[in-house]
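Below are two complexes that have chain A in common, paired first with chain B and then with chain C.
Showing the complex of A and B:
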């Protein structure tokens, strides 16, 4: 059985796909920064940013439904902001007739909605970035943003072995499940502590296997001439379309920010 | 499938998405993360040499995969492990920092589990604070209680549980500083929920440690002798000191001190000139939404800056006198 940890890349050759990874990563980060810097309640600006996300989704061929479906991933975290309509002081929006009347304020609700919308459109742009950039290219794009090379190499190595180790975990879980018969109506599965220790030993044995695997991998690499650094072919430089995108992006985000603060 | 599985089971509340922390708070997190990662890279390069990338890469993949190992607790919920404390105990603090950074980075980049702008704080919370807490508590308890199988269990369990609580505490503080969640509500919710999640972390971590202890105790030895234990202790102590100072600053009186009081009484306080340049005006950080946290953070940062300057000064002096 093979793991279905799928690479999120959606192949294509749209004008978005063909941009340099540095531009794709950089503009995504600028987009998220812009969304973060916008004041609360700037719903017009949020709509403009949302329209941008939708436009990129359409032009790149990734599709609006793909982005929307995956964008609800951060929804559980909305609970963190859920107290805002009740705690931020301001004009009363409505009063809930429980516990002697709980007041929901307009300012609080605006702030709550703003945080959720900002988070939602940021996630969408991040989803798009991953959908139009193959993972190795994305790592290279990060390298150009001065993330240290050893860290990039560790992440890329990790990605390489993610699938192997995830398959092992699936086998461990399947092995445990196939030894966990239960008679209907009778209590089974031992105590919580016992179950936890079994899970712990699964993790421990996987760790040992990973250690020993990493030793074999290193020896295999060393015997093929590895000396601590990965060498890669030279990458193409930015072309005029890339610079155009970059300039337009900066001007666009800049003007949104200027307009919403005036 | 495994990713969907692990999404449902992970302590989701610790992977902060974009939008929930303000930009200034996010940038502070990035600065901290960059400094610590840079230091960790140097330490591990000296210790591991060429093995740095293959070993840390595979172990990062292990941590990611191990986060999907769960055990049913009750009514459909499961316990599972974040892995910071375990990684710290077996690998040593600075290798563990890099391993967890890789995991958190990949989760955010590939699966949008955690935001990009707020990744600095996600790395500090789940990658640094868990590691420092797990490592220091484990070594302290294990050492004090006799280095036996029992002390391993106690040290590992307490270290793992505390690591989750500390990460939750930090998350609540960051949310409050950004004005997203009021501090009292955030602390109660975060610390409360993660007190339970931490139990799962503790049980799985101890199970793993016991297995490693009985089959490859040499690995645990390697973890103990990994470099950077003393620097981890210093940084941990420094952070703890900063927190204690900050908490006590709460008790500081708001009344004017001697000179200010005399100036007010004798009516010459207005002749005071404004400073050319405000770093922490009135012991606050103006961009932080919450006044209490603003005051605390100003004290903490101020203490750390003074400490840092003194440390640098001491090093320069030592080099001068030695050379």
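Showing the complex of A and C:
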């Protein structure tokens, strides 16, 4: 029994890895913005964006399968749009013979497919960004793009303590497993309601412990002079390759949007 | 044979590649009390976590109370082996002391009357009856350690496995724990750095270092061998 939570950075020195974090983070955000702004049904444009992600995956050495394997995490969230094929008016695609005939429209299905594909591609680019950018660099890049400091602090602590928390959860699970006994002749495990209550209380326990721990951590930080802001070393400025990437990126996204809207 | 711990040629490596157990052979006979000593990082806690199926070795075998470590046996193994972790915070996960001590019997499917009876006798054995409605995580470490032992005693195990039971206890709590362990009549395997505890309570001792048992035998004999102790990072007080 173990929880496999590891840092997602894949070390490398490809032309992608060596870009300034501001470029990596900024272009990823522009990519996601482009994907969101594309009209529904622009499957050609979606294919071009998908090819872009695959190209970056190959050039950076991270690999296509790495990205694809992790990208399916987006799908459950995209299912929030599952009602679209049923509610958007338009030409009937097919009728489901239930409750007096539920109609699935072509327009609705196209919208649903578009949302699914757009979120899938966006998540892939985000996965790539995390894979080629060390976490502290990524936070610095976000800050340089004027994301507010409190938000950056929250993300940074959450990342650090996610690992701590997952260890804590693992220990709780082990404690429960060690006392999950069965004697022959009796039905073990209790009712589902009881097990649910125990699980709920474990979650509550975890929350309380995390809260009290966070106070101890804050005391430790204050004892070392923390006043709300982290200082870091100065960073080099953007070089010519960075500017090249930036220009090409903006031109590329711009042209995709223009072409798909005409 | 019953109430036994039998470990044969056990090898275990953590997912990150670290080889923690390099062929452990250990046998504890019914009713015997054995201490497991060794430096930090020897693999003592790792070995103990194999005894109730939390970890599964990649090679070798573990048999407790005559049951082999199959998935089907895990329920019975956990009823037979009471494992108390080093850090009591890792053991207590319910809101109140009563809930924690009652979890084991409730899971085993015992009826309500029996559960109450077991909780009361377990808390009585550790002298914590008045704590029955207290909130677990607000207790002091000594209190938590005793409640942790009670959570396991309520399941009436045949074998008791303790990981560093006296670590962090004040002299009085430590003395109470020693008296408790002395009075309990079950097979015991206890890992500890507390050599005075080992000398007082355990007739048998196994020394572990580098993922293997390097010496095993009578406590009086092994603990008198200063060279042996020093080689494995131990010393007598």
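Convention: the second predicted complex is superposed on the first by the 192 of 262 C-alpha atoms of A that agree within 3 Å, B and C clash if a C-alpha of one lies under 4 Å from a C-alpha of the other, contacts with A are read in each partner's own complex, and residues count from 1 in each chain.
Note that a residue touches a chain if its C-beta (ideal position, glycine included) is under 8 Å from a C-beta of that chain, and two chains touch if they have at least 3 such contacts.
These figures come from a predicted structure and were not determined experimentally.
By the document's definition of touching, of the two partners only chain B reaches A:213; chain C does not. When the two structures are aligned on the shared chain, A:205 is found in touch with chain B and with chain C.
In the overlay built on the shared chain, the residue A:251 is in contact with neither chain B nor chain C.
Once chain A of one complex is fitted onto chain A of the other, the partner contacts of A:122 are limited to chain B, with no touch recorded for chain C.
Annotation for chain A, partner touching more residues between chain B and chain C: B. By the touch criterion defined above, A:189 reaches both chain B and chain C.
In the superposition on chain A, A:181 makes contact with chain C only, while chain B stays out of contact range.
When both complexes are overlaid on chain A, the residue A:172 reaches chain B and chain C alike. Overlap of the chain B and chain C contact sets on chain A: residues 4, 172, 189, 198, 201-202, 204-205, 208. The touching residues of chain B, counted against chain A in their complex, run 1-3, 7, 12-13, 15-20, 22-23, 26, 37-38, 41, 45, 49-62, 64-66, 68-74, 79-81, 86, 90, 98-99, 101-103, 105-106, 108-113, 115-117, 175, 179-182, 185-186, 200, 203-212, 215-216, 219. For chain A in complex with chain C, the touching residues are 1-2, 4, 171-172, 174-184, 186-190, 194, 198, 201-202, 204-205, 208-209. Within the complex formed with chain A, the residues of chain C that make contact are 15, 49, 52-55, 75-76, 78-79, 83, 85, 87, 89-95, 99, 103-104, 106-110, 137, 151-152, 155. Residue ranges of chain A in contact with chain B, taken from their complex: 3-5, 7-8, 28-29, 32-33, 35-37, 70, 73-74, 76-77, 79-81, 83-84, 87, 111, 115-116, 118-120, 122-123, 126-127, 130, 135, 138, 148, 150-151, 153-162, 164-166, 168-170, 172-173, 189, 192-193, 195-208, 210-211, 213-215, 217-218, 221-222, 226-228, 230.
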